[in-house]
Amino acid sequence: MSQPDYITSMNVPLKDKADLDADIREAFDYLEENHGLVPNILKAYTFDQDKLRPFMQLYENIMVAESDLSMLEREMIGVVVSSINNCLYCQVAHGASVRGLSGDPKLGELMVMNYRAAELEPRQRAMLDFAVKVTERSCEISEDDREALRRHGFSDRAIWDIASVAALFNFTNRVSSALDILPNAEYHYLYRTEPE
Amino acid sequence: MSQPDYITSMNVPLKDKADLDADIREAFDYLEENHGLVPNILKAYTFDQDKLRPFMQLYENIMVAESDLSMLEREMIGVVVSSINNCLYCQVAHGASVRGLSGDPKLGELMVMNYRAAELEPRQRAMLDFAVKVTERSCEISEDDREALRRHGFSDRAIWDIASVAALFNFTNRVSSALDILPNAEYHYLYRTEPE
Amino acid sequence: MSQPDYITSMNVPLKDKADLDADIREAFDYLEENHGLVPNILKAYTFDQDKLRPFMQLYENIMVAESDLSMLEREMIGVVVSSINNCLYCQVAHGASVRGLSGDPKLGELMVMNYRAAELEPRQRAMLDFAVKVTERSCEISEDDREALRRHGFSDRAIWDIASVAALFNFTNRVSSALDILPNAEYHYLYRTEPE
Amino acid sequence: MSQPDYITSMNVPLKDKADLDADIREAFDYLEENHGLVPNILKAYTFDQDKLRPFMQLYENIMVAESDLSMLEREMIGVVVSSINNCLYCQVAHGASVRGLSGDPKLGELMVMNYRAAELEPRQRAMLDFAVKVTERSCEISEDDREALRRHGFSDRAIWDIASVAALFNFTNRVSSALDILPNAEYHYLYRTEPE
Amino acid sequence: MSQPDYITSMNVPLKDKADLDADIREAFDYLEENHGLVPNILKAYTFDQDKLRPFMQLYENIMVAESDLSMLEREMIGVVVSSINNCLYCQVAHGASVRGLSGDPKLGELMVMNYRAAELEPRQRAMLDFAVKVTERSCEISEDDREALRRHGFSDRAIWDIASVAALFNFTNRVSSALDILPNAEYHYLYRTEPE
Amino acid sequence: MSQPDYITSMNVPLKDKADLDADIREAFDYLEENHGLVPNILKAYTFDQDKLRPFMQLYENIMVAESDLSMLEREMIGVVVSSINNCLYCQVAHGASVRGLSGDPKLGELMVMNYRAAELEPRQRAMLDFAVKVTERSCEISEDDREALRRHGFSDRAIWDIASVAALFNFTNRVSSALDILPNAEYHYLYRTEPE
C-alpha cells in the first residue's frame, strides 16, 4: 500500500486515549462521535499534551469559531495553501472537509489541483488569491491587496480571518511535512459520492 | 457546481461522433466500450481531425504500447508531472488511472499531492525523481542522472520511455491548461472504493 | 520617519489595557515589567481576546516553555525564518531578542542578513539549515534530513521543537505582513551596545 | 571541439537509412534534398520507428501544416520556449530556421537571447508573451490571456496553434536534454550571412 | 563571537598601509579621518593595487560624485539590492551609511528587512522598485519601467544613476560573498542612537 | 529588422569621437584598429566621460590584464553569466569574443545556450559552475565551493578572478538591459566561419 500506516515516524511516545488528561480525552471523544475519527495530527501531539492543548485551541479559534467566513470558505483556503506547500496531510484531511461541507466532491479536487480552474464567486476567488499571496509573497502584501478584498465586501475582521487561516496552514503544513505525520487513511474515502 | 461543464471554452467547432472519420469513430467506440468514456481532450480535438490523429498516435505509442515500464508506472509519472504543472485535466484523468490500475485509491492521491510521502520501491522513487528533474530543470540532466537510473536496473530504452512520458505530460498539461480543456466529470468518482 | 507609527493599519478596535480581561491584563503587566513593553502584535490582537489567548499560549509553549533548545536557539531560528519571509515585524522584534539573549549584537544582525556567514557550532548550523528547508521546501523534508539532526545530537523532541519554531514563524510572519502590524519602535534600539 | 560529435549518448541501436522502413526512408530523403540534412533527433529515434513515426507526424502537423500562424512565427515561438528551457538542440536547430525563414540572422539570435529586446509587431510580441506564460505558468493562463490574443486579431484556431507549438517545444526540449541528443553541427553555420 | 574576525579568508597577501602606493595610502588616510575606518573590502583588495584602483574609482563615481540622486538615496538602493542578494558585507556597511546619512536608524533596518514596509515618498518607492527589478529580472526592464520613473520626475541621467547603483551592488555583493570578505565590526554599532 | 538600430534609447547626449578627451579618443582609436569597432556600451557612456573612464579601467583590469585565467576563459564566464541574466548586449558581444578567441564558433553558441552540454575540461566546467553559483546564489557560496576550485588547481588569485569576472557581468548585464544599450550589429556576423 502506498501510504505508510504509522501516525508519525518520529520517535515520540504517543499516548492511548485512556492515558490522556480529561479535557483532551473529552475533546477526542467529541471528535470521534461527530467526525468519526480523531485526526492523526492530534494523536501525534499526545506525546506532550502541553503542546497539544494550545494547538487545538488556536485551530478551534481560527477554523471553527464564529467568523465572517463560512467553515467551507476556511477549509477552501486551507486546501489551496496546502496545495502550494504540497502537504500530504492537510490536502487529504481538509480536501475531505471541503467535499463534505460543500456536498461537491469535485470542489475538493479542484482546491487541491488548481483552484484557478474552478467556477467560483468572484468574492471567493479574490479570497483565495489573497491567501495565495500571503503564502507565497507575504512581504509584498500591500494596502492595495487589502482594498481589493474590501471592494468584494470583506470586512477588516474577515480579512484578518483570511490571513489567519492562510497563516495557520503555513504552520500545520510545515509541522506535518517536517515531522512525517500522516493523514488518517479514512479521509481518502470520505464524501466521494456523486451528488444527484 | 465547482467545475464548469463544458469540454473547452475555446470557440472551435466540436464534432459529434457520427460526423467523425471512420478511424477516429472506431477509436472513440473502443474507448467508450473499454473505458466507459471518450476523454474530453479527444473530443476537444475533434474540431480538426488532422490534429487529433497524430496526437492520439503519439499518446498511444508512449502510454499504451509495449514498454519496459508498466502502464501503472507511466501513469504515475504522468500524474507527478501534472501535479508540478498544476494541470487540472491531467491530474483528474490520470489520477483516476493510477487508482484503477493499482487498485489503491490512496496511490492516486499521493501522486497528486506529494509523491515524496509515498512508500515506493526505490526503483520507482528514482524513476519519479528523474521525471521531476526532466520537468523542472531538464537542461541540468546529466549522465550522472541517467547512470543513477541504470543502477536501479532501468535499460536505456526504459530511460527513453521515462523521459518520453514526462515530456508528453509537459505537452498535454500545457495544451489542457492553455486551451481550458476540462476533464470528464466521471473521472472524479472512478476507483474510489476502499480495497478490502 | 521611515516606520509608520501605528500598531496596525487594519480597522479593528484595539482595546486599552484597562479594558482587557484580567488574565490578559496580567500577562501584559508581566511583559511590561520584565521586557519593558508589550509587543505590538499582542496589542493588535486585543480587538478579539478570544483570538489573542490561544495565540499567546501557543507562542509561550513553543518559544518560552522548557525545551531541548535554548531560548536563544529558538530566537535564532525565528529570525532566520523571518529573514527568508522578509517579515519586518519579526526580524525587528526577534533580532532584538537574539542580541539580548546572546549579548552579541552582531549575532542578531547575522541572523537577519545571512546566517550562513556566521561562525556557529556545527550543531546550530544544522539546526538552522533544517529550519530553512522547513520554510522553503517542507514537502521535500525526508528521513535523511531528520537523521542529519540526530547525528548532531538532537533528540526527536528537539527536532519537533525546531520544526515547531520554524512553523510558528511561518505563521506569525504572514499574520504580521498581511495585516500590516508594525514592531514597537523601541526594539530598534535595544541591545545595541558593543560588548567589551 | 566544444560540442560532442555523437547523435546521442544513449545506448540505443541507431539504424542506417538503408535499413529504415520505406515511408521513413522517403521522408529522410525528402529532408536531405530540401533541407540538406536529416535532423539528429530523427536519426536518434531510428532505434524504434514506431516511436519515430507519430513524433514526425505530430511535428509535421503542428510546425509545417497549414495554420493561421506563418512557419516563421511558429519557429520564433519554438526558439523562445527552448531558450527558457535552455535546450541546446532546439535553440541551435530552430534558431537556424528563424534565421533562414526571416532572412534576418539577428532575429534568430534575439529569439535565443532575449526576445523582449527585439523590435516586433505588437501582435507577435503578444504571441510570444503568451507562449512564455504557457511555458512557465500554464496553470495561471486564464480567459484574460486568450482575450488579449483575440484583441490582436488571433482567431481561436490560431490561439490553439500558439499553445500547441509552445507545448510541442516543452516536449522536444525535454526529450533532447534528458536523452542527450545533440544538434547537427551544420546548423551552427547556416544562414549567417549579413543581409544587404 | 558570531562574526569571524578576519578581513577575508582568501589566501592573498594583504598589505599594510605603509606598503601601499602613495595615492592609495592617501585615500585610506582620508577615509580614516573622515569615516573613522578603511572599509574591509578595500583592505582586502590591497593584495593587488591594480585591482583596487579602478574599483575605488568606479565606486567613487557612482556613489559619491555629483548626481541627481542624493547620497542617501544611493545608499538606500545599495542596501535594498544587498538585501535581495543576502550580502552580509554590504548590508552591514551600507545599512550603517543609511542610518548615518538619514539620522534615522530605523530607516537602515527597513532597507535591510523589507523596504516595502517603509513610509517613503512615492518617488523613492518607485526608485527602489526599479532597482529591485534591475536586480531580479533586468531582462524584463522595458521602456514602460523607465517611463514610470520619468513620471516621478527622474531625468534620464538620474535613471542611469539608479541603474548604475543597483548594478554596482550586484557586483560588490557577489565579490564580497564569493570571496568571504567581512565587514568592519565597527559598522554594527554606528548610528544606532535614537533620534530625539 | 529585428534589432533596433540605436545605441541606446536613453535620452543622453552621446559625443562624437572628435569631441572626446584625448585619452578616451586614443582608446577608441585603438579599439577600432584592433577590434574593428568601438563597442556600443562605450559609445553610450560618452555622454559622461567621468563615468566612462573608471568603467573602462575596471573592465580592462578584470578582462584584459594579466591573470591566471586566459582571456578565453574570462569570456566564457562572461557569456554564461549573461545567458543566466538573458542580457542581449553581452551575449552578442562576448559570444563573438568566445568564437574569435577559441576559433570554435560552436563554443560561443554553447556558452549562450547551455554550457552544461559542452565538452569541457573538468577544470573549466568547475570554473563555470562556480560562476553560475556566484550569479544565482552568491550568499550560499562557502569554503567548500572555493576548495572545489583549489582541487582543480586554481590559485586563490585565480578564484578571485573568477568571482570578479562573474561579478562584472552581473554589473554590465544590468546596465545594458536597464538602459537599453544595444550591441553593435557587426558582432552577429563575426567569427562564424566553420573551422576546417
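The first chain written gets the first letter, and so on, giving A, B, C, D, E and F; residue counts start at 1 in each chain.
We adopt the following convention: a contact is a pair of C-beta atoms (placed from the backbone, for glycine too) under 8 Å apart; a residue touches a chain by one contact, two chains touch by 3 or more.
Being a predicted model, the structure only gives us computed values, none of them experimental.
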* **Steps needed, at fewest, to go from chain C to chain F via touching chains** => 1
* To do: Between chain C and chain E, two touching copies, which fits better, same or different residues at the interface, with half of the numbers shared as the threshold?
  => same
* Just grab the chain with the largest centre-to-centre distance to chain D, centres being mean Cα coordinates. => C
* Quick check: more C-beta contact pairs in A-E or B-D? -> B-D
* Roughly how big is the turn, in degrees to the nearest 5, that lines up chain B with chain C by CA atoms? -> 120
* Between chain B and chain E, centroid-to-centroid distance (C-alpha), Å -> 51
* Between chain E and chain F, what is the separation of their C-alpha centroids in Å? -> 23
* Between chain A and chain B, what is the separation of their C-alpha centroids in Å? -> 29
* Sequence positions of chain A contacting 2 or more other chains -> 86-88, 114, 117, 139, 177, 180
* Asked: What are all the touching pairs of chains?
  -> A-B, A-C, A-D, A-E, B-C, B-D, B-F, C-E, C-F, D-E, D-F, E-F
* Asked: In their complex, what parts of chain D are in touch with chain F?
  -> 1-4, 83, 86-88, 91-92, 102, 104-107, 109-110, 112-114, 117-120, 177, 180, 182, 185, 188-189, 192-194
* Residue numbers on chain B that touch chain F, as the complex places them -> 139-140, 142
* **Interface residues, chain F side, partner chain E - complex** => 9-12, 48, 50-51, 53-55, 57-58, 60-62, 65, 85-88, 130, 134-135, 138-139, 141, 143, 146, 156-157, 159-160, 163-164, 166-168, 170-175, 177-180
* chain F touches which residues of chain C in the complex? -> 114, 116-117
